[in-house]
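Labels run A, B and C following the written order; every chain starts at residue 1.
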Amino acid sequence: MSRSARPRSVLVLFIAVLLAAPLLLPEFYVTLLNYIGLYAIVALGLVLLTGVGGLTSFGQAAFVGIGAYTTAYLTTVHGVSPWLTLPAGLLVTGVVALSLGLVTLRLSGHFLPLGTIAWGIALYYLFGNVSALGGHTGISGIPALQLFDLELRSGREFFYLIWAALLVIILATRNLLDSREGRAIRALKGGSLMAEAMGVDTPRSKIVIFTVAALYASMSGWLYAHLQRFINPTPFSLTQGIEYLFMAVVGGVSHVWGAIVGAGLITVLKQWLQDLLPSLLGKSGNFEMIVFGVLMILVLQRARDGVWPIVQRLFPAPPARARPVEAQALPRRPLPAPGAVLLDVREASKRFGGLVANDRMSFRVRAGEVMALIGPNGAGKSTMFDGISGVDPLTSGAVSFRGERIESLPARQIARRGMSRTFQHVRLLPAMTVLENVAIGTHLRGRKSFLAAACRADREEEARLLSEAAAQIERCGLAGQMYELAGSLPLGKQRIVEIARALAADPCLLLLDEPAAGLRYLEKQALAELLRRLRAEGIGILLVEHDMDFVMGLAHRVVVMEFGQKLAAGLPEEIQRNPAVVEAYLGGVE
Amino acid sequence: MDLQIALLLGQDGITNGAIYALLALALVLVFAVTRVIFIPQGEFVAFGALTLVSLQTGRLPGTIWLLLALGTVIVLIDGSIALRDRQFRRLPMILLLNCGVPLMLGGALLALSPAGLPLPVQVVLALMLVVPLGPMIYRLAYQPIAGASVLALLIVSVAVHVTLIGIGLLFFGAEGSRTLAFTDISFEVGDALLQGQTILVVVASLVLIVALYFFFERTIYGKALRATAMNRTGARLMGISGTLAGMLSFTLAAAIGAFSGILISPITTIYYDSGFLIGLKGFVGAIIGGLASYPVAAAGAVLVGLLESYSSFWASAFKEVIVFTSIIPVLVWRSLKTRHVEEE
Amino acid sequence: MKPPAVAEERTVVLEVSELTVSYGKVEALHGLALKVHRGEIVTVIGPNGAGKTTLLAALMGLLPADGEIVYLGERQDAGRTVEKLVRQGMTLVPEKRELFAEMSVEDNLLLGAFDRYRGGHRDHLETMDEVFDIFPRLRERREQMAGTLSGGERQMLAMGRALMARPKLLLLDEPSLGLAPLIIKDIFRTVAQLRKTGVAILLVEQNARAALHVADYGYVLETGELSLEGPSRELATDRRVIESYLGLGGRQ
C-alpha cells in the first residue's frame, strides 16, 4: 500500500496541474482526460476489490451501466433532478451488488468472477432489449448537470467535477485502507483464516468491498451519462468490463494511484492503436485488443505489480516513522481469578473422512497456568487447537470457555470471548509492517466502521489501537522491528509477532502453537520469561511445543497425545519418567 | 406451442446442448488439471469452424500464420533456454516441433488446394491447424506462471481470450460463415422432421465422450492427467510434470473445441467472436458441475441447451439474459451446498 | 530387482556435503554431510521439527538447496528438478503419502511406472507382480480405491508405487507416522527386505528404535544440524539419542 509516506508536495503539485489542465489544453485532450478520470473511478474500485481484497470482477461495466441507465431513465422519462438520481443509482447498484455478493462470495474465489462474466453479459443484453430503456438505440436528451446557476455543458467544466470526484474517492479509499477495517480488508488476500481467528467478519468485509467497488462504478456511470447526455448499451458490455480490469492490473492493482496510471495508459494507448493498427493492417476493427491482451499476459508474467511501483521509485518514501504516540490505553478485559477453569474440553473428537485425528480428548486449562500439549508428529495437536479455536470445528464433543459452550461457534465469535491464538505455520501478512500486523489483533477492541474510516473520523480510536499494538510489540522485545515488513523478519521473530498480535487482542486464554520453533537459545529464554510474566498476570496458556527443555521448564501440567488420544497427563517430571511416553516418542518396536 | 414445435425446439436444444456438453467437459478437465479457468475455449470453436470454411472456400486459413508466429516465439524462448543450459541435443526437436511442422502444414496447404479435397481430409487438415494452438498457448501464456493463483490465471485467460478474438477478426473478417453440410439426409419421426446433421452432431458428441472416457480410464496418459488433478505433488513425484499435464490437457481442450466448431458450423453461422458465447454456455454447464464433476457438467450443459432453445421461442430477445441469469440460482444452490471455503 | 553383484556393494549412490537449506532468511538445515551406498539402509533420526522432511524435500529437488549433492557420481546443478531426478531413479515416499485417492490400487501402482513407461520400458506388469509379492495385501486390494485403504495399507501402497519406478535410491519419509506398533513392525520388516534388491534407502524417522533396528548406519538430526552419527547398533544404545528427544539432558 502507498499511504501518506509520499511528500505532500507531490500531491499539491498534481492538483495544481489538474487545475490548470483544462485552461491550457486543447479540447481533444480535455475530453481524453475526462474519460481517463471516469475510467479511473471504476478501476479504483477494482484496485480495492482485486489488488487489496484478492477478489475480482469482470462485470464492473454493468454497474457503470446501472448508474448511467438509472439517471438516464429517471431524468428523461420522469424529469427527476440529476442530483437525486445519483443516490437513486447508487441505491439500485448497492442492492444489486449486495444480492450478487451474498450469492457468490460464499463460494471459492473463482465463482465470483465467473458469476460477474455471466451477469455482465445478461445485463448488457437486458439494456439492449428493454424498450423502456431505448433498446439498442439507447436514451438521448439526458439533461446537463446544473450546479447552482452554472450548467455543466462543456467538457472543460465537467473536467473539474470528474477529477474532484476521483480525488475525493481516492483519498477516501486511502483513508479506509489505513484503518482498523482497512487492515481487515487487506487481510482478506491470503489471511482470511487468521483474520477470522482475530475476530474479523471476513464475509462482511468481502461484501463491503464488492459493494463499494460497484458504487464507484455506478458513480462513474452517472457522470458519464451527464457528460455524454446520451447512452446506449455498448460502453457497458463485458469487453469494457474486461478493459477496466486491464487498467487496474497494468496500472498497479495493489495501489490506489495505480488506477489513474492504468486508466491513463490504456486510454492513451487505445487511442493511439486505434489510429495506427487499422492503417497498418489495412482493415478496420478492434485490433487494439490483440495488443492489450498480449500486454496483459506480459504484465502478469513479468511485473505482477504493474506500472505504479516504477513511478513510485521516482518519489522515494521517507524512512520509517517513530513509534505511534502514547494514547489513552484501551480498556482491559477483567481476568478470571487465578486457578479458575478457563477452558474445559470434554470428549472432543475430530474426524477427516475415515481418519480420526482427535479421539475423545479431555483436559482443562486454568487461569494463571501453562498447560502443555505434547506428542509425536501427527498426534493431532494442531488439529486440537483448530477445534478449540473454531478454525476447523470439532466433529463431536464439548468445549466450554469460561463456563460457556463454544464448540459450535465460528472462530470470530470465540475470539470475541477472550481466546487468542498463534499458528504453527506463521500466518502474517508479509507485505504489511509488524505494527500493522499486530494491530489486526486489536480488531475487536475498536468499533469505528468503514464510513468513519473513509472520512477520518476514527483517528482518536486508531491512535489508541496503534498505541496498544506498539506496546505489545515492545513487550515482546521487537521494538526495533516495528516498521519492518513482517515478511522480512526471520521465522523465529515472525512467531514472536504472532504472539504480540494475539496479546493485542487482550485475551484471557492464549493458545500458542510451537512458539519456540526456530528461535535461538537466548530468544527462547526471553520468550519463556515473557510467558512466565503473562502467567503471573493471570492469563491461561495452552502450549504446543516440541522443544522439551522449553516445555518442561515452563509448564505446570503436561498432556501427552498419541494417535489423537490422550496418552498421559501429569506434572512435567512425571511425564519425563513415564515409560509409555518414552515409548511413544522413541517407538516401541522390539 | 404444439407438439411439433416442442419437438423441433427440443431437437435444437439437444444439438446445442451436446456441443455445450463437450465444451463443459474440456473446461472441467483443464481446470482440474491446471487450475486454469479456460475462457478462450470458445475461440477454438470459432477457429475450428472458420478454418474449415477457409479451406472449403479455397482461401489460405489465417490460422497457419498464427501457428507459425507462436511456433517461432517458442523456438526463440525454448531455444535460448536450451543454449543457456548447454543442452544442444534438444535444439533440433524444438525447431522441428514448433517451426518445422507448421511450415510443412503450410506447404501442404499451398500444394494441395484443399477446396477440392474430400470433406474428411478437410476436417483433419482444419484440426491439424487449430489443435496445436492449444499446447502452444499453454506454453507461452500459462506455463511461465503455472504456480500463480487461480485469479491471476483467470486474468491471463481473459487476456488470451481478447487476443484471440482480435486475431480472429484479423484472419477471418467480421462476416459470419457456414461450412457445407456434412449430410442432407432427414428422417420423419411422426410429425416432426429429424435432421441428419442433428443426429450427426449428437452421435459424434457421444462418440467423443466415450472416447474421452476410454482415454481417462484405460490409458496411462489419461490416468496421469486424472492423477495430476487429484494430487499434484503425488503426480510430480511420479515424474508427471505440471508442464506435461498442462500441455496434454490443453491439447485435448483445443481438440474438443475445434471439433465442436466443425460439428456445428453447417447448422449455425459462426462469426469470429461467436465462440465466446458458446464457450460460456459450456461454462454454465461446468459450473453446475462445480467445475469438478464430469457427468453433472455434461448434463448441466444439455440443460442449458434446452433452456436456450425454449426461451428463444418464448422470449427470443431475452434468450441470452435468461441463459446467463440461470447461473444465479445455480450459484445459490452451490453456495448452500458448500460450507466453509479456505483461501488458496 | 535382481540382487546386486558383490563388487558393486560399496558403490556410493548419494553423497552430500555442506548441505544448507533456507526458508527466506531462516536456515532450516545447516552444513549437513551424509553418504548412502548401494544396497544400504541409512537412517536419519531426530525429534519433530529437526528438519528431516526438509532434508528429503531438498534432496528430491522440491526445495532449493546450497552445498554439494553428488548422485550416482554426478554433481547436481541448479537445474535439477523432481522430474529429472525421477528419471535418474530417485524416488520419494512422502510423509503424507500423496496417493491418488479416487483411483484403484492398481492404477496408483501403474502410475508409479509412468516415467519408465514414457521412457519406453513396458515392463510394468512384471514389476507390479514383484510389488504384489512384496506386499501381498495390495494384491488382495488391487481393485479398491486408494482413499478407502487403512493407514498401513496406504503406506504399503505409497512404497509399492515408489518401487514401480525401479528406483536406485528410495527416500522414505516417516513411514511409521500415525501407524500402530504392529503395522510399523510389518513395514520395517519390508524395508529391511528391500535391501536385498540392491536399492539404496535413505530412511527418515522419528521412531528411532524401529529405524535403527533396520538401518546399517544412522545420523541424528537436531534443530537443523547432524549432532551424532555411527553404525546404527551403536547409536541404538547411545544415551545422547534419548536425551535429544526428551530434553532430559538440559542442553547448553
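Criterion: a contact is a pair of C-beta atoms (placed from the backbone, for glycine too) under 8 Å apart; a residue touches a chain by one contact, two chains touch by 3 or more.
The model shown is predicted, which means the values in this text are computed figures rather than measured ones.
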{"item": "Graph class of chain-chain contacts, one of line, ring, star, complete, other", "value": "complete"}
{"item": "Contact-richer chain pair (by C-beta pairs counted) among A-B and A-C", "value": "A-B"}
{"item": "Rounded Å distance, subunit B centre to subunit C centre (Cα mean)", "value": "42"}
{"item": "Subunit A and subunit B, separation of their C-alpha mean positions in angstrom", "value": "36"}
{"item": "Rounded Å distance, subunit A centre to subunit C centre (Cα mean)", "value": "41"}
{"item": "Residue numbers on subunit A that touch subunit B, as the complex places them", "value": "50, 54-56, 58, 100, 103-104, 106-111, 113-115, 117-119, 121-122, 125-126, 129, 190-193, 239, 242, 245-246, 249, 281, 283, 285-290, 292-294, 296-297, 300-301, 304"}
{"item": "Complex contacts: residues of subunit B adjacent to subunit A", "value": "37, 39, 140-141, 144-145, 148-152, 154-156, 158-167, 169-170, 173-174, 277, 280, 283-284, 287, 291, 317-318, 320-321, 324-325, 327-328, 331-332, 334-335, 338, 341-344"}
{"item": "Touching residues (chain side subunit A, partner subunit C) in the complex", "value": "353-355, 376-378, 487-492, 514, 517-518, 521, 546-552, 563, 576, 581-582, 585-590"}
{"item": "For the subunit C and subunit B complex, residues of the former touching the latter", "value": "60, 79, 81-83, 86-87, 91-92, 94, 97-103, 107, 110-112, 114-115, 117-118, 161, 165"}
{"item": "In the complex with subunit A, residue positions of subunit C that touch it", "value": "23-26, 47-49, 147-148, 151, 174, 176-178, 180-181, 184-185, 188, 205-211, 213, 242, 245-248, 250-252"}
